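Which chain is which? They are A, B and C, in the order written, and residues in each are numbered from 1.
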């Protein structure tokens, strides 16, 4: 599976990046991340120019990073400022530095040609840093290619079978979806609106609703990295008013950042932001634990599926049905991003 | 090492197959086995047609199997009877089902073209289900290609060196063998008849014979899967009468089913059926423990040999002597079965 | 990375070779080592001619080695002297035996054409068997290609960064080196002479010197296998007299044997011989523990570097500076030895 280069990817949560060195591999590129004394997040290639020793196995000295093998020292822009045994520093002694943008609690890095990086192109998940919402979140490393996680999240009918007892009920698998593709903005939309559904424990316990619900799942996927699920939960029959706020409903903004690490590993960043019970820590703890369990059910299933697909590459065939419309649209958009982001050839 | 397709293979013992899903990989093909409510053993391809999720990571609903990822549901013939989110089931939604025959406590599956499967072609080991015999048995997964186990079992001179103290004595390695090949029936016969041999602990303790023995080892190998060792033990000088039953001797029917799993793993099914002390559970327990130890000595040796051969594929050379006649005949017959069982090309 | 064949390599310390079978893989060739009843060290190929079973998984019978699978038996020259089931022993039944020389506590084996083996070509490390010196030593298996250990040892500026607190001080990285190459004798010399340096704990505690030191590091690398570091430690300003012994200084002869095992594993034999405090076991124990720690710091770093290089073979690039002069000379000499030792082609 090819990668879409020249795109923004989430490398970490902001509070993971500090004065200890953090290692992440994004699109196969090894990164070391840290924060300068002034607080600026830095992402450098994690390979010393001398003998390729990982800079992450080293230490900071102020804002510089000192290689733990022979002491080559780099500033936060990747320029070498010290080599052992001589005064002259070779002009080519620099490691690549990656454009970094912090938004909505995420540290985004640009993988591709640095001069094409536009911070305005970072897609947004504002609820994650909005005081009107309470957030639980985490990150799980996945031993599966990122496309399997995209497939998983674009087709929520699996909630009924893989996540029964948490977020799945029969109505999710039974209710048809509508899919829209906005080629200009580069977004795939998938909606499933259940007018009369059982309330799964995840929402029954966190919202306090008793009885059946009206449940809306509105997905926005911004390939390659950001996935948003607008989840609206209300007592059965309660719909948004024609004007005014939708205050009789409960809203959960479920955010995934899907960051390819290597060909067959992925960082699965997940967060749930809610506009209800925002000061009730017991609800937060319940949602954190429940959603972590749901994520781990996906991780277990996708790791298994990766092993199957990797072991039988010549037997790959699938059968797609209506529920796969959103996932197939996402694959097509990803394929175009892969093509568009590939290194330009000389004659073009 | 190529596989011989269009043949019967032992996938399990009958009592391993029930209402819990059993996973076995035979000739590289992933199978899920279970038993219908009426008791019929079923073997299906362990891959959902939708996204290849293993059906074995799922559950039974009556006689149907429900995929644990998105709920695709198959009947015991492999036909899909339910898909999520729509009424219409695609005509191509079916997983391969494998012909199954139960014989002599084994569940045999046909790997190849289903319409060529003939239950009459299943080779027999009737002692395993004969009330006149007592049976101990087991199965060990082997991390070695199946040919190494065939070699091992066709040349019992290794008993002297690898299984000394259990079933080996000097006479096994010292006594020449006779080999016969029945091309029409597809059987290799190897006999070693020791007129005056030490009695190894395996037989001394189970038969109660004191002193030296006359020991016959008559092998029948029915490639690819079934190996029979007719073992006759009697006090030294006691031979079968010209007519009437051989009641002064002790008979052990030692059965192996050699089932290739992947290129370098094998299922090693083993059983010892005896016509003596059949109600003496202490003898049974002793033979079970002893034969398991012997099998594990082989497993350890063959796993080691597999690592050697896999790591040095370009250095493969051997030196064969008289004791290898049976093993070489078996290899030739296997090679013909591989050729005969290969998928037919279009113009043939 | 290619190997230099037709060279002597250290396979073991002499006291590792006895009546128990020892397995070592040198330049990809599996060896079994043992000592005859008369005390002669023997190295045979660790593969039975019959079915390639490792002879190391077997046992000695006097000076012969008996294969644990079918009993093929070899004398200490590798000639087969027994096969099971028949009197005639095939003429080709022999395993390669390797020329062996014991020198300076090492067991050297010749990997290549046996008739080119000249014991006079074994390079010497006489301090290891000299009663005027006390020796501490060990061997660590390295999960890295041998070239990384050569690089490591030829450029001691890494002592400052990787071994600070043990043998490294700032002066090592700061002091330029001089490099000489003797093409005729096949030796690379690297010297670093520090006139006024901090005394690292390794020498402060073992010599008792207080205050600053004059520290000389004189390397002789005899490719492919033997590395000598003549380390001279004296109170600051104390130099060898114009004539007479250098008795005011402390001398440590630090010896490494770098033996390629496979493409990406290496035996790292290390020894420290000292001419001071030779009867003080507490100094010996301190140096043994300290040097083992230093070696394990290298092992950890090189294992990490191997994983990086192996995972990114197409990204290999380096930037070399003055400190690398010795390492680059060593690489060039190794490349010539690889070429010279390669099997001769028919027309040459």
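The working rule: contacts are C-beta pairs under 8 Å (C-beta built on N, C-alpha and C of every residue); 3 or more make two chains touch, one makes a residue touch a chain.
Given the structure is predicted, the values throughout are model-derived calculations rather than measurements.
Trainee: Can you give the rotation angle that fits chain A onto its twin chain C by Cα atoms, in degrees and rounded to the nearest 5?
Mentor: About 120 degrees, rounded to the nearest 5.
Trainee: For the two copies chain C and chain B, is the contact made of the same residues on each side, with over half of the numbers shared, or of different residues?
Mentor: different
Trainee: Suppose each chain is reduced to the average of its Cα coordinates; what separation in Å results between chain B and chain C?
Mentor: 48
Trainee: Where in chain C do residues touch two or more other chains at once?
Mentor: none
Trainee: Which residues, counting only chain C, touch chain B once they are in their complex?
Mentor: 30, 47, 49-54, 57, 66-71, 83-86, 90, 92-93
Trainee: For the complex, give me every residue of chain C touching chain A.
Mentor: 151, 155, 157-158, 160-162, 173-177, 301, 304-305, 308-309, 312, 315-316, 318-323
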